[in-house]
(Lines give C-alpha, C1' and ligand atoms only; values in the text may rest on other atoms or scores of the structure.)
Protein backbone atom coordinates (compact mmCIF):
# COMPACT_ATOMS: atom_id res chain seq x y z
CA UNK A 1 0.00 0.00 0.00
CA UNK A 2 2.03 2.95 -1.23
CA UNK A 3 -0.71 5.45 -2.11
CA UNK A 4 0.13 8.68 -0.30
CA UNK A 5 -2.20 9.56 2.57
CA UNK A 6 -1.98 12.95 4.14
CA UNK A 7 -0.86 13.44 7.73
CA UNK A 8 -4.42 13.94 8.96
CA UNK A 9 -5.59 10.60 7.56
CA UNK A 10 -2.57 8.85 9.02
CA UNK A 11 -3.18 10.39 12.45
CA UNK A 12 -6.84 9.31 12.40
CA UNK A 13 -6.02 5.78 11.28
CA UNK A 14 -3.34 5.40 13.96
CA UNK A 15 -5.75 6.64 16.66
CA UNK A 16 -8.44 4.19 15.56
CA UNK A 17 -5.93 1.35 15.50
CA UNK A 18 -4.56 2.17 18.95
CA UNK A 19 -8.06 2.59 20.41
CA UNK A 20 -9.06 -0.83 19.06
CA UNK A 21 -5.98 -2.62 20.40
CA UNK A 22 -5.61 -0.86 23.77
CA UNK A 23 -7.55 -2.86 26.37
CA UNK A 24 -7.49 -0.01 28.91
CA UNK A 25 -9.04 2.34 26.36
CA UNK A 26 -12.06 0.03 26.26
CA UNK A 27 -12.11 -0.91 29.93
CA UNK A 28 -12.09 2.75 31.00
CA UNK A 29 -14.71 3.78 28.43
CA UNK A 30 -12.40 6.29 26.78
CA UNK A 31 -13.62 7.94 23.56
CA UNK A 32 -11.79 9.86 20.84
CA UNK A 33 -12.98 13.46 20.59
CA UNK A 34 -10.57 14.84 18.01
CA UNK A 35 -7.33 13.88 16.32
CA UNK A 36 -4.82 15.96 14.39
CA UNK A 37 -1.17 15.29 13.65
CA UNK A 38 0.62 15.56 17.02
CA UNK A 39 -2.60 16.44 18.83
CA UNK A 40 -5.29 14.25 20.38
CA UNK A 41 -8.34 14.94 22.51
CA UNK A 42 -10.05 12.13 24.46
CA UNK A 43 -12.98 11.98 26.87
CA UNK A 44 -13.98 9.63 29.69
CA UNK A 45 -16.73 9.56 32.29
CA UNK A 46 -15.61 9.02 35.88
CA UNK A 47 -17.26 5.85 37.22
CA UNK A 48 -17.86 4.48 40.70
CA UNK A 49 -15.04 1.94 40.26
CA UNK A 50 -12.60 4.79 39.46
CA UNK A 51 -12.96 6.51 42.85
CA UNK A 52 -10.43 6.60 45.65
CA UNK A 53 -11.13 6.66 49.39
CA UNK A 54 -12.06 10.37 49.28
CA UNK A 55 -14.87 9.53 46.80
CA UNK A 56 -13.14 11.46 44.03
CA UNK A 57 -11.51 10.14 40.88
CA UNK A 58 -8.30 8.22 41.66
CA UNK A 59 -5.14 10.02 40.50
CA UNK A 60 -4.12 6.89 38.62
CA UNK A 61 -7.29 7.08 36.52
CA UNK A 62 -6.73 10.76 35.70
CA UNK A 63 -3.15 9.87 34.77
CA UNK A 64 -4.31 6.96 32.60
CA UNK A 65 -6.56 9.24 30.56
CA UNK A 66 -3.75 11.79 30.15
CA UNK A 67 -1.22 9.08 29.30
CA UNK A 68 -3.50 7.57 26.67
CA UNK A 69 -3.92 10.95 24.96
CA UNK A 70 -0.14 11.40 25.11
CA UNK A 71 0.43 7.96 23.57
CA UNK A 72 -1.93 8.70 20.68
CA UNK A 73 -0.41 12.12 20.06
CA UNK A 74 3.18 10.89 20.00
CA UNK A 75 2.36 7.98 17.68
CA UNK A 76 0.23 10.04 15.32
CA UNK A 77 2.77 10.10 12.47
CA UNK A 78 2.66 6.27 12.44
CA UNK A 79 6.17 6.02 13.85
CA UNK A 80 6.02 4.08 17.11
CA UNK A 81 6.90 6.12 20.18
CA UNK A 82 6.99 4.94 23.78
CA UNK A 83 6.57 6.92 26.97
CA UNK A 84 9.90 7.38 28.73
CA UNK A 85 8.71 9.65 31.53
CA UNK A 86 5.66 11.68 32.51
CA UNK A 87 5.17 14.35 35.16
CA UNK A 88 1.65 15.08 36.33
CA UNK A 89 0.37 17.85 38.62
CA UNK A 90 -3.02 17.31 40.22
CA UNK A 91 -4.88 20.61 40.35
CA UNK A 92 -8.52 19.85 41.24
CA UNK A 93 -10.64 16.84 42.15
CA UNK A 94 -12.80 15.12 39.52
CA UNK A 95 -16.20 13.88 40.72
CA UNK A 96 -18.09 10.67 40.18
CA UNK A 97 -20.08 10.90 36.93
CA UNK A 98 -18.05 13.83 35.61
CA UNK A 99 -16.94 13.81 31.97
CA UNK A 100 -13.21 14.48 31.72
CA UNK A 101 -11.39 15.64 28.61
CA UNK A 102 -7.66 15.13 28.02
CA UNK A 103 -5.92 17.15 25.34
CA UNK A 104 -2.37 16.24 24.33
CA UNK A 105 -0.24 18.21 21.90
CA UNK A 106 3.29 18.15 20.64
CA UNK A 107 5.64 20.76 22.12
CA UNK A 108 8.90 19.39 20.73
CA UNK A 109 9.43 16.94 17.89
CA UNK A 110 12.85 15.53 17.23
CA UNK A 111 13.94 12.51 15.27
CA UNK A 112 14.24 10.19 18.27
CA UNK A 113 12.40 12.03 21.01
CA UNK A 114 9.42 14.27 21.63
CA UNK A 115 7.83 16.32 24.42
CA UNK A 116 4.05 16.52 24.79
CA UNK A 117 1.88 18.68 27.02
CA UNK A 118 -1.40 17.29 28.28
CA UNK A 119 -4.24 19.01 30.12
CA UNK A 120 -7.16 17.23 31.76
CA UNK A 121 -10.26 19.35 32.25
CA UNK A 122 -13.65 18.75 33.86
CA UNK A 123 -17.22 19.23 32.67
CA UNK A 124 -17.08 22.97 33.37
CA UNK A 125 -13.67 23.43 31.78
CA UNK A 126 -11.80 23.74 35.09
CA UNK A 127 -8.31 22.35 35.11
CA UNK A 128 -8.06 18.90 36.76
CA UNK A 129 -4.44 18.06 35.91
CA UNK A 130 -1.44 19.23 33.90
CA UNK A 131 1.02 16.68 32.54
CA UNK A 132 4.13 16.61 30.37
CA UNK A 133 5.27 13.48 28.59
CA UNK A 134 8.66 12.54 27.19
CA UNK A 135 8.59 10.04 24.32
CA UNK A 136 11.26 7.95 22.63
CA UNK A 137 10.67 7.04 19.00
CA UNK A 138 11.62 3.65 17.59
CA UNK A 139 12.10 2.58 13.97
CA UNK A 140 8.79 0.76 13.62
CA UNK A 141 5.39 1.65 12.24
CA UNK A 142 2.23 1.57 14.35
CA UNK A 143 0.00 0.48 11.44
CA UNK A 144 2.07 -1.69 9.09
CA UNK A 145 -0.06 -0.99 5.99
CA UNK A 146 0.18 2.80 6.28
CA UNK A 147 3.15 5.01 5.43
CA UNK A 148 5.14 6.68 8.20
CA UNK A 149 6.62 9.89 6.75
CA UNK A 150 9.40 10.20 9.34
CA UNK A 151 10.57 6.62 8.84
CA UNK A 152 10.85 6.64 5.07
CA UNK A 153 13.94 7.92 3.23
CA UNK B 1 -10.94 6.16 71.54
CA UNK B 2 -7.93 7.82 73.09
CA UNK B 3 -5.77 4.85 74.00
CA UNK B 4 -2.32 5.48 72.51
CA UNK B 5 -1.45 3.30 69.54
CA UNK B 6 2.08 3.20 68.28
CA UNK B 7 3.04 4.45 64.82
CA UNK B 8 3.13 0.95 63.37
CA UNK B 9 -0.43 0.19 64.44
CA UNK B 10 -1.63 3.53 63.09
CA UNK B 11 0.06 2.93 59.74
CA UNK B 12 -1.51 -0.52 59.44
CA UNK B 13 -4.97 0.72 60.37
CA UNK B 14 -4.76 3.59 57.90
CA UNK B 15 -3.66 1.23 55.11
CA UNK B 16 -6.55 -1.16 55.83
CA UNK B 17 -8.99 1.74 55.90
CA UNK B 18 -7.74 3.21 52.64
CA UNK B 19 -7.72 -0.22 50.95
CA UNK B 20 -11.32 -0.78 51.99
CA UNK B 21 -12.55 2.61 50.76
CA UNK B 22 -10.49 2.94 47.57
CA UNK B 23 -12.55 1.49 44.69
CA UNK B 24 -9.53 1.30 42.37
CA UNK B 25 -7.63 -0.75 44.95
CA UNK B 26 -10.33 -3.38 44.67
CA UNK B 27 -10.99 -3.05 40.94
CA UNK B 28 -7.29 -3.50 40.12
CA UNK B 29 -6.85 -6.41 42.53
CA UNK B 30 -4.18 -4.61 44.53
CA UNK B 31 -2.98 -6.27 47.75
CA UNK B 32 -1.03 -4.92 50.72
CA UNK B 33 2.33 -6.66 51.12
CA UNK B 34 3.85 -4.65 53.97
CA UNK B 35 3.23 -1.42 55.83
CA UNK B 36 5.49 0.62 58.08
CA UNK B 37 5.28 4.27 59.05
CA UNK B 38 6.07 6.21 55.86
CA UNK B 39 6.61 3.03 53.86
CA UNK B 40 4.19 0.80 51.97
CA UNK B 41 4.60 -2.17 49.66
CA UNK B 42 1.74 -3.31 47.40
CA UNK B 43 1.36 -6.03 44.78
CA UNK B 44 -0.88 -6.47 41.73
CA UNK B 45 -1.13 -9.01 38.94
CA UNK B 46 -1.24 -7.58 35.40
CA UNK B 47 -4.48 -8.65 33.74
CA UNK B 48 -5.65 -8.80 30.14
CA UNK B 49 -7.81 -5.68 30.63
CA UNK B 50 -4.71 -3.74 31.79
CA UNK B 51 -2.79 -4.13 28.51
CA UNK B 52 -2.13 -1.46 25.93
CA UNK B 53 -1.89 -1.92 22.16
CA UNK B 54 1.63 -3.38 22.45
CA UNK B 55 0.23 -6.19 24.64
CA UNK B 56 2.17 -4.96 27.66
CA UNK B 57 0.84 -3.37 30.83
CA UNK B 58 -0.55 0.14 30.18
CA UNK B 59 1.60 2.91 31.68
CA UNK B 60 -1.50 4.25 33.42
CA UNK B 61 -1.91 0.97 35.28
CA UNK B 62 1.74 0.92 36.38
CA UNK B 63 1.29 4.51 37.53
CA UNK B 64 -1.92 3.65 39.40
CA UNK B 65 -0.14 0.95 41.41
CA UNK B 66 2.74 3.34 42.21
CA UNK B 67 0.36 6.18 43.06
CA UNK B 68 -1.65 3.97 45.41
CA UNK B 69 1.49 2.94 47.29
CA UNK B 70 2.49 6.61 47.47
CA UNK B 71 -0.94 7.59 48.82
CA UNK B 72 -0.79 4.96 51.57
CA UNK B 73 2.76 5.91 52.52
CA UNK B 74 2.05 9.64 52.77
CA UNK B 75 -1.12 9.10 54.81
CA UNK B 76 0.42 6.53 57.15
CA UNK B 77 0.63 8.84 60.17
CA UNK B 78 -3.16 9.29 59.94
CA UNK B 79 -2.81 12.90 58.79
CA UNK B 80 -4.48 13.24 55.41
CA UNK B 81 -2.11 14.01 52.55
CA UNK B 82 -2.98 14.50 48.91
CA UNK B 83 -0.82 14.01 45.84
CA UNK B 84 0.24 17.34 44.37
CA UNK B 85 2.52 16.02 41.64
CA UNK B 86 4.16 12.78 40.58
CA UNK B 87 6.93 12.09 38.07
CA UNK B 88 7.24 8.58 36.69
CA UNK B 89 9.96 7.06 34.50
CA UNK B 90 9.08 3.90 32.61
CA UNK B 91 12.09 1.58 32.56
CA UNK B 92 10.87 -1.82 31.36
CA UNK B 93 7.69 -3.42 30.09
CA UNK B 94 5.47 -5.47 32.41
CA UNK B 95 3.86 -8.55 30.89
CA UNK B 96 0.37 -9.99 31.08
CA UNK B 97 0.06 -12.18 34.17
CA UNK B 98 3.14 -10.72 35.82
CA UNK B 99 2.99 -9.85 39.52
CA UNK B 100 4.17 -6.29 40.09
CA UNK B 101 5.34 -4.87 43.40
CA UNK B 102 5.31 -1.16 44.24
CA UNK B 103 7.34 0.09 47.19
CA UNK B 104 6.88 3.65 48.39
CA UNK B 105 8.95 5.28 51.11
CA UNK B 106 9.29 8.72 52.62
CA UNK B 107 12.31 10.74 51.51
CA UNK B 108 11.32 14.06 53.06
CA UNK B 109 8.74 14.74 55.76
CA UNK B 110 7.79 18.29 56.58
CA UNK B 111 4.80 19.68 58.40
CA UNK B 112 2.80 20.53 55.29
CA UNK B 113 4.58 18.61 52.55
CA UNK B 114 6.42 15.39 51.85
CA UNK B 115 8.42 13.69 49.10
CA UNK B 116 8.11 9.97 48.46
CA UNK B 117 10.10 7.66 46.20
CA UNK B 118 8.37 4.71 44.60
CA UNK B 119 9.79 1.77 42.67
CA UNK B 120 7.76 -0.73 40.70
CA UNK B 121 9.45 -4.07 40.12
CA UNK B 122 8.49 -7.21 38.24
CA UNK B 123 8.36 -10.87 39.17
CA UNK B 124 12.13 -11.24 38.75
CA UNK B 125 12.93 -8.06 40.63
CA UNK B 126 13.79 -6.06 37.50
CA UNK B 127 12.91 -2.39 37.63
CA UNK B 128 9.67 -1.54 35.78
CA UNK B 129 9.29 2.11 36.84
CA UNK B 130 10.72 4.77 39.14
CA UNK B 131 8.44 7.47 40.51
CA UNK B 132 8.64 10.40 42.90
CA UNK B 133 5.57 11.87 44.55
CA UNK B 134 5.03 15.25 46.14
CA UNK B 135 2.32 15.37 48.83
CA UNK B 136 0.52 18.20 50.58
CA UNK B 137 -0.75 17.51 54.09
CA UNK B 138 -4.06 18.86 55.33
CA UNK B 139 -5.35 19.26 58.88
CA UNK B 140 -7.64 16.23 58.85
CA UNK B 141 -7.34 12.64 60.02
CA UNK B 142 -7.72 9.68 57.67
CA UNK B 143 -9.34 7.46 60.33
CA UNK B 144 -11.35 9.65 62.68
CA UNK B 145 -11.23 7.24 65.63
CA UNK B 146 -7.44 6.93 65.65
CA UNK B 147 -4.89 9.49 66.85
CA UNK B 148 -2.73 11.40 64.37
CA UNK B 149 0.53 12.31 66.12
CA UNK B 150 1.42 15.16 63.77
CA UNK B 151 -1.99 16.80 64.13
CA UNK B 152 -2.21 16.85 67.90
CA UNK B 153 -0.66 19.58 70.02
CA UNK C 1 2.00 53.59 52.52
CA UNK C 2 -1.56 52.43 52.02
CA UNK C 3 -2.45 54.10 48.73
CA UNK C 4 -3.83 51.39 46.42
CA UNK C 5 -1.52 50.40 43.58
CA UNK C 6 -2.81 48.28 40.77
CA UNK C 7 -1.55 44.77 40.10
CA UNK C 8 0.71 45.92 37.28
CA UNK C 9 2.51 48.44 39.44
CA UNK C 10 2.92 45.90 42.22
CA UNK C 11 4.36 43.32 39.81
CA UNK C 12 6.86 45.85 38.44
CA UNK C 13 7.92 47.02 41.88
CA UNK C 14 8.41 43.45 43.09
CA UNK C 15 10.51 42.59 40.03
CA UNK C 16 12.72 45.63 40.52
CA UNK C 17 13.13 44.82 44.20
CA UNK C 18 14.01 41.17 43.52
CA UNK C 19 16.43 42.12 40.74
CA UNK C 20 18.21 44.53 43.05
CA UNK C 21 18.54 42.04 45.92
CA UNK C 22 19.30 38.87 43.95
CA UNK C 23 23.10 38.56 43.65
CA UNK C 24 22.84 35.93 40.86
CA UNK C 25 20.67 38.28 38.81
CA UNK C 26 23.56 40.74 38.76
CA UNK C 27 26.38 38.20 38.50
CA UNK C 28 24.77 36.54 35.46
CA UNK C 29 23.94 39.85 33.77
CA UNK C 30 20.22 39.09 33.69
CA UNK C 31 17.88 41.89 32.53
CA UNK C 32 14.14 42.39 32.88
CA UNK C 33 12.39 42.47 29.50
CA UNK C 34 8.75 42.63 30.58
CA UNK C 35 6.65 42.15 33.69
CA UNK C 36 2.94 41.57 34.11
CA UNK C 37 1.04 40.06 37.02
CA UNK C 38 1.99 36.35 37.02
CA UNK C 39 4.20 36.75 33.97
CA UNK C 40 7.84 37.74 33.60
CA UNK C 41 10.27 37.83 30.70
CA UNK C 42 14.04 38.05 31.29
CA UNK C 43 17.08 38.07 29.01
CA UNK C 44 20.73 37.09 29.47
CA UNK C 45 23.75 36.84 27.20
CA UNK C 46 25.69 33.57 27.36
CA UNK C 47 29.27 34.30 28.41
CA UNK C 48 32.50 32.35 28.19
CA UNK C 49 32.36 31.55 31.93
CA UNK C 50 28.89 29.99 31.45
CA UNK C 51 30.06 27.26 29.06
CA UNK C 52 30.39 23.56 29.79
CA UNK C 53 32.97 21.16 28.36
CA UNK C 54 31.10 20.95 25.04
CA UNK C 55 31.56 24.74 24.60
CA UNK C 56 27.82 25.33 24.90
CA UNK C 57 25.89 27.02 27.69
CA UNK C 58 25.90 24.89 30.89
CA UNK C 59 22.48 23.42 31.72
CA UNK C 60 22.75 24.93 35.18
CA UNK C 61 22.98 28.41 33.67
CA UNK C 62 19.95 27.85 31.44
CA UNK C 63 18.11 26.57 34.51
CA UNK C 64 19.18 29.58 36.57
CA UNK C 65 17.72 31.98 34.01
CA UNK C 66 14.45 29.98 33.89
CA UNK C 67 14.30 29.69 37.68
CA UNK C 68 14.82 33.43 38.11
CA UNK C 69 11.93 34.20 35.74
CA UNK C 70 9.80 31.66 37.64
CA UNK C 71 10.69 33.28 40.99
CA UNK C 72 9.71 36.74 39.75
CA UNK C 73 6.46 35.48 38.24
CA UNK C 74 5.33 33.60 41.34
CA UNK C 75 6.14 36.54 43.64
CA UNK C 76 4.55 39.15 41.40
CA UNK C 77 1.49 39.73 43.61
CA UNK C 78 3.86 40.72 46.44
CA UNK C 79 3.06 37.56 48.39
CA UNK C 80 6.31 35.64 48.93
CA UNK C 81 6.48 32.30 47.15
CA UNK C 82 9.32 29.80 47.17
CA UNK C 83 10.24 27.18 44.59
CA UNK C 84 9.31 23.70 45.80
CA UNK C 85 10.23 21.79 42.64
CA UNK C 86 11.13 22.46 39.03
CA UNK C 87 11.34 20.13 36.04
CA UNK C 88 13.40 21.23 33.06
CA UNK C 89 13.75 19.65 29.62
CA UNK C 90 16.77 20.65 27.56
CA UNK C 91 15.78 20.93 23.91
CA UNK C 92 18.63 22.66 22.07
CA UNK C 93 22.10 23.97 22.83
CA UNK C 94 22.69 27.68 23.49
CA UNK C 95 25.90 29.14 22.08
CA UNK C 96 28.52 31.46 23.51
CA UNK C 97 27.43 35.08 22.98
CA UNK C 98 23.81 34.15 22.32
CA UNK C 99 21.07 36.23 23.94
CA UNK C 100 18.59 33.95 25.75
CA UNK C 101 15.08 34.92 26.77
CA UNK C 102 13.13 33.21 29.54
CA UNK C 103 9.38 33.71 29.77
CA UNK C 104 7.52 32.49 32.84
CA UNK C 105 3.75 32.58 33.25
CA UNK C 106 1.22 31.37 35.76
CA UNK C 107 -0.67 28.22 34.84
CA UNK C 108 -2.36 27.58 38.19
CA UNK C 109 -2.83 29.99 41.07
CA UNK C 110 -4.12 28.72 44.38
CA UNK C 111 -3.98 30.22 47.82
CA UNK C 112 -0.94 28.29 49.00
CA UNK C 113 0.54 26.94 45.77
CA UNK C 114 1.05 27.77 42.13
CA UNK C 115 2.29 26.17 38.91
CA UNK C 116 4.34 28.16 36.38
CA UNK C 117 5.48 27.30 32.87
CA UNK C 118 8.76 28.67 31.62
CA UNK C 119 10.28 28.63 28.13
CA UNK C 120 13.85 29.59 27.30
CA UNK C 121 14.42 30.62 23.70
CA UNK C 122 17.49 31.63 21.70
CA UNK C 123 18.31 34.59 19.51
CA UNK C 124 16.37 33.12 16.59
CA UNK C 125 13.39 32.14 18.69
CA UNK C 126 14.22 28.42 18.71
CA UNK C 127 13.30 26.58 21.89
CA UNK C 128 16.28 25.98 24.20
CA UNK C 129 14.43 24.59 27.24
CA UNK C 130 10.97 24.00 28.68
CA UNK C 131 10.46 24.11 32.45
CA UNK C 132 7.61 23.86 34.92
CA UNK C 133 7.88 25.24 38.44
CA UNK C 134 5.86 24.43 41.55
CA UNK C 135 5.70 27.23 44.13
CA UNK C 136 4.58 27.36 47.76
CA UNK C 137 3.26 30.68 49.02
CA UNK C 138 3.99 31.93 52.51
CA UNK C 139 2.23 34.63 54.53
CA UNK C 140 4.82 37.35 54.00
CA UNK C 141 5.18 40.27 51.62
CA UNK C 142 8.12 40.63 49.25
CA UNK C 143 8.18 44.44 49.47
CA UNK C 144 7.02 45.46 52.94
CA UNK C 145 5.82 48.95 51.92
CA UNK C 146 3.55 47.71 49.13
CA UNK C 147 0.15 46.02 49.45
CA UNK C 148 -0.22 42.30 48.69
CA UNK C 149 -3.82 41.72 47.54
CA UNK C 150 -3.83 37.99 48.31
CA UNK C 151 -2.56 38.49 51.84
CA UNK C 152 -5.02 41.14 52.95
CA UNK C 153 -8.49 40.31 54.28
CA UNK D 1 46.60 4.43 23.19
CA UNK D 2 44.85 1.08 23.28
CA UNK D 3 46.12 -0.33 26.56
CA UNK D 4 43.08 -1.45 28.57
CA UNK D 5 42.24 0.73 31.56
CA UNK D 6 39.74 -0.42 34.10
CA UNK D 7 36.38 1.31 34.62
CA UNK D 8 37.62 3.18 37.69
CA UNK D 9 40.55 4.72 35.84
CA UNK D 10 38.30 5.69 32.95
CA UNK D 11 35.78 7.33 35.28
CA UNK D 12 38.52 9.33 37.01
CA UNK D 13 40.10 10.44 33.74
CA UNK D 14 36.72 11.53 32.34
CA UNK D 15 35.93 13.50 35.50
CA UNK D 16 39.30 15.28 35.38
CA UNK D 17 38.82 16.06 31.71
CA UNK D 18 35.30 17.41 32.20
CA UNK D 19 36.37 19.47 35.22
CA UNK D 20 39.18 21.03 33.22
CA UNK D 21 37.00 21.92 30.23
CA UNK D 22 33.81 23.01 32.04
CA UNK D 23 34.03 26.78 32.62
CA UNK D 24 31.20 26.72 35.19
CA UNK D 25 33.05 24.09 37.23
CA UNK D 26 35.87 26.57 37.66
CA UNK D 27 33.74 29.71 37.97
CA UNK D 28 31.64 28.17 40.75
CA UNK D 29 34.66 26.74 42.59
CA UNK D 30 33.39 23.17 42.33
CA UNK D 31 35.73 20.39 43.49
CA UNK D 32 35.72 16.65 42.88
CA UNK D 33 35.28 14.68 46.11
CA UNK D 34 34.99 11.14 44.78
CA UNK D 35 34.46 9.35 41.48
CA UNK D 36 33.41 5.80 40.73
CA UNK D 37 31.88 4.34 37.59
CA UNK D 38 28.36 5.82 37.44
CA UNK D 39 28.82 7.74 40.66
CA UNK D 40 30.28 11.17 41.38
CA UNK D 41 30.50 13.35 44.45
CA UNK D 42 31.30 17.08 44.18
CA UNK D 43 31.57 19.92 46.67
CA UNK D 44 31.17 23.70 46.43
CA UNK D 45 31.16 26.57 48.92
CA UNK D 46 28.20 28.97 48.69
CA UNK D 47 29.51 32.46 47.95
CA UNK D 48 28.05 35.93 48.30
CA UNK D 49 27.52 36.15 44.51
CA UNK D 50 25.46 32.94 44.61
CA UNK D 51 22.74 34.32 46.90
CA UNK D 52 19.20 35.25 45.96
CA UNK D 53 17.09 38.05 47.42
CA UNK D 54 16.35 36.02 50.58
CA UNK D 55 20.13 35.88 51.29
CA UNK D 56 20.19 32.12 50.75
CA UNK D 57 21.79 30.16 47.93
CA UNK D 58 19.96 30.68 44.61
CA UNK D 59 18.09 27.59 43.43
CA UNK D 60 19.89 27.86 40.11
CA UNK D 61 23.24 27.48 41.86
CA UNK D 62 22.07 24.41 43.82
CA UNK D 63 20.79 22.99 40.53
CA UNK D 64 24.08 23.75 38.77
CA UNK D 65 26.05 21.77 41.35
CA UNK D 66 23.57 18.84 41.09
CA UNK D 67 23.58 19.00 37.29
CA UNK D 68 27.38 18.98 37.15
CA UNK D 69 27.54 15.86 39.34
CA UNK D 70 24.87 14.27 37.12
CA UNK D 71 26.86 15.12 33.96
CA UNK D 72 30.04 13.56 35.33
CA UNK D 73 28.22 10.43 36.51
CA UNK D 74 26.45 9.82 33.21
CA UNK D 75 29.63 10.35 31.17
CA UNK D 76 31.82 8.23 33.45
CA UNK D 77 32.12 5.28 31.05
CA UNK D 78 33.66 7.67 28.48
CA UNK D 79 30.57 7.48 26.27
CA UNK D 80 29.17 10.99 25.86
CA UNK D 81 25.75 11.52 27.45
CA UNK D 82 23.71 14.71 27.47
CA UNK D 83 21.05 15.83 29.94
CA UNK D 84 17.59 15.51 28.44
CA UNK D 85 15.58 16.48 31.51
CA UNK D 86 16.09 17.02 35.23
CA UNK D 87 13.59 17.37 38.06
CA UNK D 88 14.74 19.04 41.27
CA UNK D 89 12.96 19.38 44.61
CA UNK D 90 14.20 22.08 46.94
CA UNK D 91 14.06 20.81 50.52
CA UNK D 92 16.04 23.26 52.68
CA UNK D 93 17.89 26.54 52.29
CA UNK D 94 21.67 26.62 51.91
CA UNK D 95 23.46 29.48 53.66
CA UNK D 96 26.24 31.81 52.59
CA UNK D 97 29.61 30.16 53.28
CA UNK D 98 28.12 26.69 53.59
CA UNK D 99 29.91 23.79 51.90
CA UNK D 100 27.47 21.80 49.78
CA UNK D 101 28.01 18.25 48.54
CA UNK D 102 26.24 16.78 45.53
CA UNK D 103 26.22 13.01 45.05
CA UNK D 104 25.00 11.56 41.76
CA UNK D 105 24.58 7.86 41.08
CA UNK D 106 23.22 5.71 38.31
CA UNK D 107 19.76 4.24 38.87
CA UNK D 108 19.16 2.92 35.36
CA UNK D 109 21.68 2.28 32.61
CA UNK D 110 20.50 1.43 29.14
CA UNK D 111 22.27 1.55 25.82
CA UNK D 112 20.90 4.93 24.77
CA UNK D 113 19.52 6.37 27.99
CA UNK D 114 20.13 6.52 31.71
CA UNK D 115 18.49 7.76 34.91
CA UNK D 116 20.54 9.30 37.70
CA UNK D 117 19.57 10.32 41.23
CA UNK D 118 21.30 13.27 42.82
CA UNK D 119 21.22 14.54 46.41
CA UNK D 120 22.60 17.85 47.57
CA UNK D 121 23.42 18.04 51.26
CA UNK D 122 24.70 20.78 53.55
CA UNK D 123 27.56 21.00 56.01
CA UNK D 124 25.61 19.10 58.67
CA UNK D 125 24.38 16.45 56.27
CA UNK D 126 20.84 17.83 56.07
CA UNK D 127 19.14 17.41 52.72
CA UNK D 128 19.15 20.60 50.61
CA UNK D 129 17.74 19.17 47.35
CA UNK D 130 16.78 15.94 45.60
CA UNK D 131 17.10 15.67 41.83
CA UNK D 132 16.65 13.07 39.13
CA UNK D 133 18.33 13.37 35.74
CA UNK D 134 17.48 11.71 32.44
CA UNK D 135 20.42 11.31 30.04
CA UNK D 136 20.66 10.44 26.36
CA UNK D 137 23.84 8.72 25.22
CA UNK D 138 25.46 9.49 21.89
CA UNK D 139 28.01 7.50 19.91
CA UNK D 140 31.03 9.62 20.81
CA UNK D 141 33.78 9.39 23.40
CA UNK D 142 34.38 12.09 26.01
CA UNK D 143 38.16 11.60 26.02
CA UNK D 144 39.27 10.54 22.56
CA UNK D 145 42.47 8.77 23.68
CA UNK D 146 40.72 6.52 26.22
CA UNK D 147 38.59 3.44 25.53
CA UNK D 148 34.81 3.56 26.02
CA UNK D 149 33.66 0.02 26.85
CA UNK D 150 30.03 0.59 25.83
CA UNK D 151 30.97 2.03 22.44
CA UNK D 152 33.34 -0.69 21.33
CA UNK D 153 32.17 -3.89 19.65
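Letters are used for the chains, namely A, B, C and D, taken in the order the chains are written, and counting of residues starts over at 1 for each.
Just so it is clear, a contact is a pair of C-beta atoms (placed from the backbone, for glycine too) under 8 Å apart; a residue touches a chain by one contact, two chains touch by 3 or more.
The structure displayed is predicted, hence computed values, not measured ones.
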Remotest chain, subunit B as reference, centres from CA atoms: C
Winner on C-beta contact pairs when B-C is weighed against C-D: C-D
Subunit B and subunit D: spacing of chain centres that average the CA atoms, whole Å: 31
Between subunit C and subunit B, distance of the C-alpha-averaged centres to the nearest whole Å: 34
For subunit C paired with subunit D, centre-to-centre distance based on mean C-alpha positions, whole Å: 25
In subunit C, residues with contacts to at least two other chains: 84-85, 87, 89, 134
Partner subunit B, residues of subunit D touching it in the complex: 87, 89, 91, 107-108, 115, 127, 130, 132, 134
Interface residues, subunit A side, partner subunit B - complex: 17-18, 20-24, 26-27, 48-53, 58-61, 63-65, 67-68, 71, 82-90, 142
Complex contact set, residues of subunit D against subunit A: 84-85, 87, 113, 134, 136
